[in-house]
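Each of the two complexes below includes chain A, the first together with chain B, the second together with chain C.
Up next, the complex of A and B:
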């Protein structure tokens, strides 16, 4: 039972990080109608920047710069590529983002090299025990920060002008344009927010129990894709649920490896994708995704 | 004669030519005017170029791969040709699109908020809300409801209310009667007249000529991208062509106006 609770807690904390990434993925899709595959490398860019700068300018300033750099990089991708290709088929845009991702990723891997860059989190690699259930401090803080960011995001999405403009233009872009809503601005802001969220996720993804920033962080980030897709690509609530579901699945599959050994070693890494496929087979538009709503 | 002859034109369309995909000519040299404070109707069947005209004025042609080849659209002295939709809304021209196009997943209140996005002035926005709630009390009652759950008539009112949130000088309406019951169409006509009384000029595109000519001061008939007839709305309603094509009367034997003729119905649903 203790093992179960421990895995559940760790799964939730991992899932909260995935949810941050998936949320960005979903709002980009809603605002720009792009399935953005640049997300993995943006995240790695954030992690890399934080790791590189921590030693010289200190941890907190490095985090701020890292978050900023990632947000600006996301904005540049939107302004110089996505915005100029508006109206292009969704599939071409997706392929374009894969291209951007590969370029950025290749450069980052060249910079990182074979090393594992250490991020000197002030909370270090310590673990805490809550009633016999162990979790790393890093993951615990991640859970708290993610909760705050996610709540802030949902409040803004529901009540701010940006949120209303975003939901309006996601539902009917032309009608929103006729109301004077500037889609370019809505879309640019969505990329910035997604970049911010990805960088914060990166900060915690490269902390304990993960050893540090290496090219492998990229593959970890990729697990946020099944989270967004199984939640429903156009549903922010779905991104949250999808993220948690993937996090818990991964933690459980890794934790109960012995019992699952008939599936082979390392099942934890593929489990998110298996869950995604099963969910999509039952609900093709994801758990909370909208099938084209039709109104009279 | 026009009974509004004093004012200058709020909207002037001059020799406008529009093509889609570089080949299909949708509007071929249209010129027209909306006098300040007037209601002007544009009649025409499907494919006459009515929606293209409104897209051009609102700046959404590009979303449909259309292009202005020649001619200008002016609001007073301001050239609006090829401006983007946001600039045009801020200049004071707002469109109520065909088929209402309300944001069904947003609440009624959020729809109105979205309509006011082009309006920076908080005071003007508060006034606009009061005006809209005054015109359509039902929108106040349903404020927190999802807009997709409103009836067709209520959705049309929301679409009009949403457009009024930007406090436009000129309101463009694309077939507001589409798909609505005759009683509701009557109400829409009254609402348009009231909005106009409050000082907003209106350009009304319609296939329902009875309603349109009832509220309009002036009217234009578009036919395959050209203005085929224009003049005072009441006079135009008496011409043989309009009687035959749009009011469903046969040229030699005038019938009751209330008669819903098959020809009009046919052109209505043939899209």
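Up next, the complex of A and C:
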């Protein structure tokens, strides 16, 4: 039972990180109809910047710079590429982000090399016990920060003029444009927010129990894709649920590896994808995604 | 590479203005078979003159051409974004290795198993199994729309790599296993047995595989071209442009999506077998997400929906890193691994990424579209300026050289 609770808690904390990434993914999709395959390498960019700078300028400034760099990178992608392709088919947009991803990822992996860059989190690698259930401090803080960010996002999404503008243009881009909502600005802001969220997620993703920033962080970030798809690509709430679901699945599959040994070692890394495919079989637009209706 | 040569010839026939096209066609019609013949002769004679490196590259390119044509049927023609191509490649490669491979110890831990059947059986069954895998996945694929499919297919790649890593008796596990030589009715495609000399040139593995590659790539090419010109091909293109319109026209949307998945993954299976033969061993890392993305790069660069374009793109993407590697000491900026400069594979990677972005931004038709535009430049006024605007904005797949609707009727 303790093991179960421990896995559940760890899963939720991991899921909170995934939820941040998936949320960014969903925001981008809502605002500019782009499935951003660049997201994994943007996240790695954030982690890399933080890891590289924290030795010289200190941890907190490094985090700020890292978040900023990621957000600006996302903005540049939107301004120089996505914005020019307004109205192009979804597939071309996805493919162009893959192109960006190839360049960014290749460069980052070349920079990182075979090393594992350490991020000197002030909270270190300690873990705490809550009623017999152990969790690393890093993950605990991640949960708190993610909760704050997600709540802040949902409040902004519901009440701020940006949130209203974005929901309007997601609902009906043409009508929103006619009402004087500047689509370009909405989309640019969405990319910035997504970049911010990805960088924050990166900060915690490379902390304990993960050893540090390596090329493998990219693969971990990719697991936010099933999270976003699972919840429904156009549902912000879905991203949240999807993230948690994927996090818990992964933690459980890794924790009960002994019992699942017939599925092979390291099944935890694949479990999210298996769950995603199963869910998509039953609900092709994810758990909370809007079903596409076609009328003639 | 006869495919690359036939590309402009095929593309030329699409030159848009119907009035100006007719007189231009007659010299072209004469030119095309001549060009094809010349290309074929050059290709067949090449092993007599060229170094082994180029022949090996040629076979790798042939394998990639087969795979890229298959992916293009799915992504370019039918508009189903799939990142799962690496998975189907793996199914083909592993099946071939398992069916034709020998049982035996791996030396370290587990024993490998193999059925030791003739390689041709391995190849055929590999293709069929890959097709079957595609068919099994197609119910999911058929239900998902465009982008959901893209991400869902991502999952297959990771599951595939996991299976490759863990199912050691069949796949060789993390370290992979070596691939049995191909042979056909007792004629081995290995280095000897029988020893073969043509005009004094020893015909070893590279030379033999070269011819195998030409044959397989040609078959794959012709099949795809004919498919696109036939009724199912038209149906698939309609499906891409509008599912609603397609179903109104009597196209069974679900069934066609399943079938195109079947065909595409069979292509991938064959490509996987050829890949295994060209490398000589299979390992999990050869079938990761990177491979899927490179295949996507091939068809985007070549031109979505165009068979010739896929072949061109495959040749480009496959050969470039190998050529970079070969000439690392000559090229500026590129260097051998560990010498400070940019390694060959990485340099090629930058180029692909950049090329993808530029192609989507400026020439959605890819290399095929570029060739097409180049050929019809004399008729530019007839096409008018608006072709630049709405055509590039509305779809990446507009200037498809290999599936112009009126082509069949106008040539006859």
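What we mean here is this: the second predicted complex is superposed on the first by the 292 of 296 C-alpha atoms of A that agree within 3 Å, B and C clash if a C-alpha of one lies under 4 Å from a C-alpha of the other, contacts with A are read in each partner's own complex, and residues count from 1 in each chain.
The working rule: a residue touches a chain if its C-beta (ideal position, glycine included) is under 8 Å from a C-beta of that chain, and two chains touch if they have at least 3 such contacts.
All values reported here derive from a predicted model rather than from experimental measurement.
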Clash or fit: chain B against chain C, after overlaying the two structures on chain A?
fit
Would you check which partner chain A:122 touches, where first means chain B only, second means chain C only, and both and neither mean what they say?
neither
Looking at the overlay, what does A:274 touch: chain B (first), chain C (second), both, or neither?
second
Once the structures are superposed on A, label A:161 by its partner contacts, choosing first (chain B), second (chain C), both or neither.
first
Using the touch definition from the top, say if A:175 reaches chain B (first), chain C (second), both or neither.
first
Which partner chains sit in contact with A:114 here, chain B, chain C, both or neither? Use first/second/both/neither.
neither
With the two structures laid over each other on chain A, which partner does A:132 touch: chain B (first), chain C (second), both, or neither?
neither
Put down the vertex angle at chain A formed with chain B and chain C, C-alpha centres only, nearest 10°.
90
In this superposed model, does chain C or chain B come into contact with more residues of chain A?
C
For the combined overlay, can you note the least CA distance between chain B and chain C, rounded to whole Å?
5
Based on the A-chain superposition described above, do chain B and chain C contact any of the same residues on chain A, and if so which?
87, 296
Chain B partner contacts - residues on chain A that touch it in the complex:
87, 161, 164-165, 167-168, 171-182, 293, 295-296
Chain A contact footprint on chain C (complex, rising order)
75, 79, 81, 139-140, 143-148, 150-152, 154-156, 158-159, 162-163, 165-167, 243-244, 248, 289, 293, 296-297, 300, 342, 346, 349-350, 352-357, 360-361, 364, 393-397
Sites on chain B touched by chain A in the complex
58, 60, 63, 84-86, 88-90, 94-95, 97, 101-106, 110-111, 113-115, 117-119, 148, 152, 162-163, 165-166
Within their complex, chain A touches chain C through residues 35, 81, 84-85, 87-92, 94-96, 98-103, 106-107, 110, 222, 225-226, 228-229, 233, 263-267, 269-270, 273-274, 276-277, 280-281, 284-286, 292, 294, 296
